[in-house]
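Per-chain numbering from 1; labels A, B, C, D and E assigned in written order.
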Amino acid sequence: MSLPGRTPCIRESELFSAKSLVKSFDAFRALGPLSFSFGTEHVLGVVGPSGCGKSTLLRLIAGLEAITWGTMELDGDPVTGARSDIAVVFQEPRLLPWASVRDNVGLGLWHLPRAQRQEAVDAALRRVNLFDFADALPKQLSGGMAQRVGIARALVAKPRLLLLDEPFAALDPLTRVKMQDHLLDIVGDEVPNVLLITHDIEEALVLSDRIIVLDGPPARIVRDIAIDLPKPRHRTGAPFQAHKAEILETLFGAADLAA
Amino acid sequence: MSLPGRTPCIRESELFSAKSLVKSFDAFRALGPLSFSFGTEHVLGVVGPSGCGKSTLLRLIAGLEAITWGTMELDGDPVTGARSDIAVVFQEPRLLPWASVRDNVGLGLWHLPRAQRQEAVDAALRRVNLFDFADALPKQLSGGMAQRVGIARALVAKPRLLLLDEPFAALDPLTRVKMQDHLLDIVGDEVPNVLLITHDIEEALVLSDRIIVLDGPPARIVRDIAIDLPKPRHRTGAPFQAHKAEILETLFGAADLAA
Amino acid sequence: MSDQAIAIDKRSGQFNGALLERLRRLGIALILPASIIAAWHLTAVSGRVPAYLLPQPLEVLNWLVRLVSTGELQRHLSTSIARAGIGFALGVSAATVLGVLTGYLLGWRRVVDPTIHALRTIPGLAWSPMFILWFGIGESSKYALIALVTFFPVYLNTMAGVAGVDRKLIEVGRVNRLSGLRMMTRILLPASLPSYFVGLRQSMGIAWIVLVAAELMGASSGIGFLLLDGQMTGRPALVMACMIIFALCGKITDIAISTIARHVLAWQDTLHTGE
Amino acid sequence: MSDQAIAIDKRSGQFNGALLERLRRLGIALILPASIIAAWHLTAVSGRVPAYLLPQPLEVLNWLVRLVSTGELQRHLSTSIARAGIGFALGVSAATVLGVLTGYLLGWRRVVDPTIHALRTIPGLAWSPMFILWFGIGESSKYALIALVTFFPVYLNTMAGVAGVDRKLIEVGRVNRLSGLRMMTRILLPASLPSYFVGLRQSMGIAWIVLVAAELMGASSGIGFLLLDGQMTGRPALVMACMIIFALCGKITDIAISTIARHVLAWQDTLHTGE
Amino acid sequence: QEHPERIAIGYGYATPSTLVLKETGWLEEQLADDGIAVEWILTRGSNQTLEFLRSGSIDFGSSAGSAAFLGHANGAPNKIVAWLSRGESTALLTLPDSGISSVEDLPGRKVAATRATEPYLFLQRALAEAGIAESEVEVVPLQHPEGRQALESGQVDAWAALDPDFSIAELRGAVVFHRDQNLITGGVLNAHADFVARYPQYVELVLQGIVWATEYIAENPDEAKALYAEAGGLEPDVAERAFARNILDQYQITDADFANVVAAGDVLRQSGSIPEDADLEATAQSLFAPEFIDAVLAR
């Protein structure tokens, strides 16, 4: 289904690969058919217009939605449900309203002994600058604080694959830059692979090794760009700005097409 | 309480004015004491770090929170509850899960006859590019689509004062620009006054006639800048960039102070 | 559905599929009752329990057939359905209004709610002399007793449902200048509907149950009367037949309410929404 | 609270304030019962209703005093409390486990749930011969009957609560690899707690109510027995005294459960959270 | 020699001899040597006695004679081993100014009665005797106290009464308009058929106890009356009246009883409370076990 010239591709021996992946909600097709793979690069950026199917893709990879058609493999195994080595930051904070910030962050660490869990949670809370709010309830948090709790909950699990759905959208510029820096620190090391959905093209360019541009619904890949710039990247550099222009053009063009 | 050099101010005969405004949640002071006013400018931008008290300020103005201390007047009357000439876009979409997109948008138009309401809702849905989803339920929407429904719901009310809490955070660049343009179109005309909380400094600079920079908690005004540039504004212009640099410095400096 | 539509569905296999699925679910639902009846039958015919203690299922079936064929069941049922229905309607209406009021308005709650919770635990049987006194031995005392006891589950669930509505949604109502009745119908009631339906299902069940107590008060027909008669005259098979009638009636009304609930609550985003 | 702390509170006026507020609320809560009793008294002394039909409040009070001073009430109450308590504990435990299972697992729901809803509408009174048969006329049949009827409200509320948990939160659990018991305790149960407590409050009320039916089965003490006794021997004042005892007992247990609920549910973000 | 571990006896407020037997502890004394415990279980009315008998929860229990027949015809394992009380504990009552003076006045009127009890049967038999079909009167099924209340508050015109509500109503001004001792079966002592078959000598012992208790009552009438009043929660004048109606010492099961019970059974069969094909005579035969009380009295 993918047109020549646009470059979605399937590379063998990657972490994730999908063939003819389709997701429909009743009669409404939200995604696909989509064939692509990723995993040799550390950070895969995903950008695209609102409602094009980005979150649906992420939810499929996380094993939270049933596939309507096609196949999807992680590490060679078909995806059938949530996996222990994947962590997700949802588009909304999704905190458990009855649990304190500390308990929300420690939710996935039930396999650790208490002391170790406590330590990991505290470290994560310090990271997102919410250590003072460890005992607060979700209803006492601001929007950005709640989102940071969600980020801490995912990071603390030290997953093999981290799925991020616009994780920094509700953060102020300074916090955002700090979180981006932190992500760069851990990626490839603590967290080997990241899939990052974002609306901020510059953010995608600063963090990603490869960016796919989606359009839809149904979601399809309209551009697939390798970003081979050294990190940390400077936003003012010419190659950076060239990539940015390319993506913006694709997005605005694609959107015009859809309108 | 405000330090000289920083320039929060109270101007008489404004739409809104607050004196020694304080808001505490139990023992935790989230805001104030704050004395300031606004209303002679059309768009007041509010920026500040995550958790500093921006949403709290907006909720106070909207009459959704009880004042702990001080006074607050809108049009010369003390604020005691929600008012008919104020509309709010919350930080989360807050759609009624049982109502269709159409009914969510038309929620505040119960005083209009059916035909007129239908017309206004349809127009608003076209505006946010969701006319095709008029009969969808909130659970069938993507994050950005839900946020756009929230925006449509506020705009359709044609309020005297529009309170926006990071309204465009979940939108892709193109949609975002379209929405900003739309806001510029109606402001001062259909909607005389807007208070806009945003994390995007450029967005604040493109839209606002005045920007206050908050820090906290408790929220206090650390900078109050009149933006006297002609609209539409060009992001590349020197005065624009100068303002941007000023705000970023304030923010980063203030944050460092707080850290 | 027009014939044409059915034909199309059939061709695509969807119609058959849905029907099969329904039958499959019915079959699954019948596993448990069927095993209970089988166990009962085996115990009864084994002779280890004397017949005067445990009548055979066939004997009970016999009673059912007799009741139906003589038209007695129809007579008793129609009386009881009218009583349960009217009492339920009265109780539920009052409970809905009061539940919303006390759930939303703190003032009302503080005045009315404590007393209601005290009255709630007074046994229905204790009221009956008073109800005979106040409403006579006619139908009204039966309606009143059924209304009284069906009031509480709906009241409690409505109140808790309304009191538990997310503040965020109420604020949406406020900001859109909804108040009074409009706030109720647009925000509070829809938001508490899941809880409300639980109350309805419980009250409906209780309406059937309390028929027995109601029909102790001067009734000479009704399935509660029939059950009491079976008990007074020592006919366990008749009592069991009545129990089965109660179970079936309850099940039918429960299916009705929960089918409505499933459609009305289709907006919910839960794991098995619509199941 | 230590003496010192009280002293400090007093100085700041907060202690007095909280106490006054409590008394004020108590006063408000008593308005309605007080007016009912006043109306009752006026009707009774007016002489328009003969005393053997409507006893005077003072006569009822007299009974209460007599029951307490002879120690009879204490004896009856302690028996009944044990029965209601044990039956309630049994019924609620079973209902909680089954409710969570059927709420979360579609397979369980399809097998078990339909039958439970059919059984739900069989009157408790109809069971009693069978319960006497199975459990004898000792305490066990009373526990069993109370357990049976307290089962249903908790079951229904738990099931509906669990089935109504937002899919978004269940997904959070899945993504964090919670399953089985952990999914229940961390996600399903907390999320359905508001509904669960409604079920508990109802079941507790019903545990009191059904004491009457339970103590029909060969009991010679208990407040249900006392009420029946008053009714059989034509002593309306004693019946009313028993009704008041039922109301008070119910009220006390209801306050206990709802106080626990208020603390456990403090995380809720509703209009009057904590009220 | 084989003996039961315990003997469970149902007692009621309305039967003075069982009450006295329970209070005095005579039976316990007799059985102490054999190591047999006695369990006393309160039964509320005939139908509960039969229910407890059927489930084997009690070995003995008192009920109305007609109720014993009704239960037996429907398969209960009971035997009548003695008559506990005879006397006019049932009659038809009305208020003085109701205009009802005999059964003939009843058509078109409301009459309260408790279904499947002695007073109800009495009403049915009285109507039949007067040649009135049951459908000509409006029978309102109410529990005994509520029937009395309905009569007193004028919601029904007549009431088939049973003591002690009978006496209460009389003292408050209600009047008897129809009485007929021949249409009353009286109170009997039931024993479980299995118990009768296995432990005949203990049936005799219990009957001996009843006889002893009756003699005790005759010797201590005031004490017995006080006990009767206290157990039933009755005012002294009510207790006096109801107590006086009992004839306690005609235990033996007579041919007249047989005829009476069969006649009652006929009415029960017509109203559908027992199977249409029931053999009344055979049922009564299997129900009656007169030999024990005869043996006891012969001693």
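Rule of thumb we're sticking to: contacts are C-beta pairs under 8 Å (C-beta built on N, C-alpha and C of every residue); 3 or more make two chains touch, one makes a residue touch a chain.
Note that the coordinates shown come from a computational prediction; the quantities given were computed from them, not determined experimentally.
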- Shared touching chains for subunit A and subunit B? none
- Required minimum of steps from subunit C to subunit E, each step between chains that touch: 1
- Treat each pair of touching chains as one step and give the shortest count from subunit B to subunit D. 2
- Note on the structure: Between the Cα centroids of subunit B and subunit C the separation in whole angstrom comes to 49
- Separation of the C-alpha centres, subunit B versus subunit E, in whole Å, is 84
- Item | Per-residue multi-chain contacts in subunit B, two or more chains | 92
- Multi-partner residues of subunit E (at least 2 other chains): 51, 54-55, 143, 145, 149, 153
- Which residues of subunit D are in contact with two or more other chains? 53, 129, 133, 168, 228, 231, 268-269
- Message: With touch defined as at the top, which chains are paired up in contact here?
- Response: A-B, A-D, B-C, C-D, C-E, D-E
- Message: Residue numbers of subunit D touching subunit A in their complex, please.
- Response: 168-169, 171-178, 182, 186-187, 190-191, 193, 266-269
- Item | List of subunit A residues in touch with subunit D within their complex | 62-64, 81-82, 84, 86-88, 90, 92, 94, 96-99, 107-108, 110, 137-139, 153, 157
- Would you pull the subunit D residues touching subunit E in the complex into a rising list? 50, 52-53, 129, 132-133, 136-137, 216, 218-220, 228-235, 238
- Query: Quick one: in the complex, what on subunit B touches subunit A?
  - Reply: 25, 28, 47-51, 54-56, 91-92, 129, 140-145, 148, 165-166, 169-176, 199, 201, 248, 251-252, 255, 259
- Message: Which residues of subunit D touch subunit C once you look at their complex with the stated criterion?
- Response: 25, 28-29, 31-33, 36, 53-54, 104, 106, 109-112, 114-115, 117-126, 129, 133, 152-153, 156-157, 160, 163-168, 170, 194-195, 197-198, 201-202, 205, 208-213, 224, 227-228, 231, 236, 239, 242-243, 246-251, 254, 268-273, 275
